[in-house]
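In what follows, chain A forms one complex with chain B and a second complex with chain C.
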Partner chain A sequence: MSTKTPVPELVLDQITVRFGGLVALDDVSLRVPAGRIVGVIGPNGAGKTTLFNVICGFVTPSAGQISLGGRSWKPRPHRLNRLGIARTLQGVGQFGGLTVLENVLVGARGFRSGEEPAGRGWPAGRARQSEQDALAALERCGVAEYAHAYPGTLPYAVRKRIELARALAARPRILMLDEPAGGLDTDEIHWLAGLIKTAGTTVLLVEHHMDLVMSVCDEILVLDFGKPIALGTPAGIRANEKVTEAYLGTAA
Partner chain B sequence: MTDVREKRATEAVQSKAFKRKKTPHPIWYAVAGAVLVAALTHYLPPFRNYQLATVGAYFTVTAGLTVLTGLNGQLSLGHGALMATGAYTFALAQNRWLALPLSFAAALLVTTLAGVVIGLAAARLRGPYLAGLTLAVAVVVPSVTSTFDDTFNSDMGLSIALDPPPGAVAMEQWQAWLCWTGALITALLLAVLVRGRFGRDLRAVRDDETAARLAGVHVARTQVLAFVVSAACAGLSGALFAVLAQSVSPGAFPLTLSLFLVMAIVIGGLGRLAGALCGAVLLVALPALAQTAGERSGSQRLEGNLALVIFGVVLVVVMLAAPGGLASLRLSTIFRRKR
Partner chain C sequence: MDRFFYLTFDGLSRGAVYAAFALALVLIWRAARIVNFAQGAMAVAAVYVAYSVTGATGSYWLGFAAALVFGLLLGIAVEKAVMRFVDHSSPLNGVVVALGLVLITQGVLGMVYGNEYRPVTTPFRRDAFDVGGIALLSRYDVFVFAAVGAVVVALTLLFTRTAAGLRMRAAAFAPDVSRLLGVPVGGMLTLGWALAAAVGSLAGMLVVPTELGLHPTAMDVVFVSAFTAAVVGGLDSPIGAVTGGLIVGLLLSYVSGYLGATVAPMAVLLLLVVVLLGRPGGLFSSSKARLA
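Up next, the complex of A and B:
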């Protein structure tokens, strides 16, 4: 968190999504500055995952603009990786027929958001580089020992970490985490908070676990029935009456 | 980090040592296969050589099909039709120019193009719809021969002019060499292709399309490529069958052939080249077995249908005993079962 005003890396401008008659997102705007950790919270069905799907190109917004690094941008899912955007899915979206290492290797495609030129050298050299990236990511998530196991045989918490490793192996500049703490216990969530804080990338976080969100985020966007109802620091959000109302309902 | 790892790594998980299995480069398998085939063709009688050649021709198509169905998850019931495409192209080219390499190239090219067309449609379809589309292809292609009977000579088919084998080589031996050259090159190329990133992407798409897409895999392109590769294999196989029979006719590529191919790779073990080889052997061995059994029983009517029954029974038994297919069987697994 630098003191100078960070450049907005990802900007959502008045995004609206309609599914038939249902308004899933209503005029949502969000500026995500580089290197910041931004949380998106809200009750079930508030449109958090839809917002992620818009950024990933799975859902085309009915209205609104997205820009990445200052340029207008139309996201497409399979191009995210080379743009340096990695996303994890709710639950575990793993390839059951691939070993843990191979799972992570699918994400480590050798596109760098950093200064190194992408895809240089012989294919064999690139494959080795990808493998090093993948192993480093597994090591970072503390699951390197399972590299040659199949994910189906592993406990849920380990699989969640493999999911994180696959996202990190792409060396992303924006990391999008969709309920990374779902189904994890306190120790695991504590570890996860540490990882997010030290990720060194921009992080977008959708999460229900309030302690995690409040402890790691620089900024939080609150959605309720697709409408943005609050945007601010964790302390500000905690004190916001509208947020309390959305979560707990109005006093009778 | 460490505390959690210690806590989570349960006994059951840790007891298994998760080691990577080192496998030799596929080229060694291909070399070993070539040596074995060369030796076999030297000693086997002509009819056995012919059967060996047929195994090679079947292996060419099952190898491609197992990559498509087993690794990429696309079920094709139309590979028999792609084989017919290859066979007819080979026949037409061979009868016109009488140049074996050229005819093989033409067969490969035309089936590859057919694969692109079907693959583009297939990449948009899933499950039963994909099966339906490929089934339609399997039905349509043979009937094309009777629609354009000037070129394809309807049900009679075309006979193929072949140069006599070089030197003092017997025809069956020559056929076996041709078929196995095609089969081993195909299997080697597939094995190399599947080892790297492409193979990983194929399987990732099969297991979870959304996650694959997010990880940077171009799902549609991967699926089309897989289809094209396996179509090319089918085309080569069709051309090899044309060499074997020295003729082509729609009757040689019925719908049941496509179904048999799928059954063979399932029995052999989906997604494994070794399984495709097992399947190819079965495709030759089981009908032969059925024929012998039919002849012994003295019933003419039994003969034609017995192969289907035997295939069905083998499929059921293998799926019960070894769900991963014959190629998944190891001596150690059998031993453990018995204990």
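Up next, the complex of A and C:
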């Protein structure tokens, strides 16, 4: 899963999102440097998923700039894959009528523009390469045995892994994970932490599970009602009183 | 018994056309959740194009190709210019817009070509072969079977073996997730309409010569039969569309052969009522989760 092209840096600059009278994101800035694992945490309704939706182009910010690789960038959902950005959804978002392998294949690409074609340039060669990529991704997530099953018949934890495999099959340079640990048990979360650390890509992680966030992230942004209240290393966030007050409460 | 064989083959031949037409309806239903009531009028427009091209060049096959290409382009135009802007909050909206398209298309065709029946040529003779003294199939029937069979095989390969087919299926299931995975959902929708309109045009080309002739409303009755076929098979199921088409074709053939041609349309409606009462999702309905 090596990448030949340099990983672009993703920068959010003073992003504000309003839904009618509600301010979902208020002047949020975040720098996601190449190869780093950046976490976004905050209580429910803090705007974490909205932030993801802004980066994916599902929500257009009312104000603020986004740049990718130093250039101003207006995200469009169907372009992300080509740019090497993959995102998983909260819960699972698989196509019920497609097999697991087909689900993963939708996102797999034989090669990306700017890269040498991995398969031959012919559609058949590319299709074979895509299928190999898809199977490799399923293998990596430990769910290759379910390749020909339909997602609806599988347990939730397996479907979460398929979701990850689908994102990895695109050989992303930036991997966006929206609550990947939701509904998983301790062993699964331990496995997930290992996968994130060895992903070899930039990772942007929205998560409620504190142990996971604290153990894998290089840097953490804390949102509270759309406002950024802290940005720093896990140790710094742990010690930050504003964060404790807003989110961690007495548990910290 | 001879009569039974003849009616069976005749029914299968008509059924193959209904199958192709129903398949076009299913393609659009799966992609866009719209029953394209304008399919018949669009197909007639394509047959008129073939009529003009054949008239000008003298070649049936040039006209045939022109009809398919025109069908593709018309599908793209209808999706991009009209259907894309239909509000999907109520299923009726798409139906009303499609019916509007029918009126416009039939009106324009009437203005350009006139409202009389025009004879159309067939590339093969329609006299049935005799096999052991029984009249079974004509060369034209064989052509119909081959053409519809080729379409069914091509569509099956497209949807099960190619990346484009996989993306079309994904886009139909969950547009937003598909976008995230890099699928240009709008483009897939346009492709679906283009394919459906081309298949509809093919069905029109095959069926019009076997009816009264070319007329702006020539496909209206065919549409009713094909729609019944699609509903009988289950609007979501391509296999259902083909099976439904053959069932409707056979039913029409037997009823008009044994009971009289005037009863045949009633038989189709009766079948529709029975299926909707007994199995509203169609014989091949599979997905319970997707209701909208």
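Definition applied: the second predicted complex is superposed on the first by the 231 of 252 C-alpha atoms of A that agree within 3 Å, B and C clash if a C-alpha of one lies under 4 Å from a C-alpha of the other, contacts with A are read in each partner's own complex, and residues count from 1 in each chain.
Just so we're on the same page, a contact is a pair of C-beta atoms (placed from the backbone, for glycine too) under 8 Å apart; a residue touches a chain by one contact, two chains touch by 3 or more.
This one's a predicted model, so the numbers in the text were calculated from it and none came from an experiment.
When both complexes are superposed on chain A, chain B and chain C clash.
By the touch criterion stated above, A:D187 is placed in contact with chain B alone, chain C being left untouched.
Legend: residue contacts after superposition of the two complexes on their common chain; A:E131 is shown touching neither chain B nor chain C.
Judged by the touch definition given at the top, the superposed model places A:D27 against neither chain B nor chain C. Using the contact criterion defined above for the overlaid structures, shared-chain residue A:D13 touches neither chain B nor chain C, since it reaches no partner.
Looking at the superposition, the partner that touches the larger set of chain A residues, chain B or chain C, turns out to be B. By the touch criterion stated above, A:R166 is placed in contact with chain B and with chain C alike.
By the touch criterion stated above, A:D218 is placed in contact with neither chain B nor chain C. With the contact threshold set out at the top, residues 56, 58, 77-82, 86-87, 89, 93-98, 102-103, 105-107, 109, 123, 127, 130, 166, 170 of chain A are in contact with chain B in one structure and with chain C in the other.
Contact residues of chain A toward chain C in the complex are 56, 58, 77-82, 86-87, 89, 93-98, 102-103, 105-107, 109, 123, 126-127, 130, 152, 166, 170. Those residues of chain C whose C-beta lies close enough to touch chain A in the complex are 162-163, 166-167, 169-170, 173-174, 176-185, 287, 289-290. Residues 1-5, 7-10, 13, 16, 18-21, 196-197, 200-201, 203-204, 206-208, 210-219, 271 of chain B are the ones that touch chain A when the two sit in their complex. On the chain A side of its complex with chain B, the touching residues are 56, 58, 77-82, 86-87, 89, 93-99, 101-103, 105-107, 109, 111, 123, 127, 130, 142-143, 145-149, 153-155, 157-158, 166, 170, 187-188, 191.
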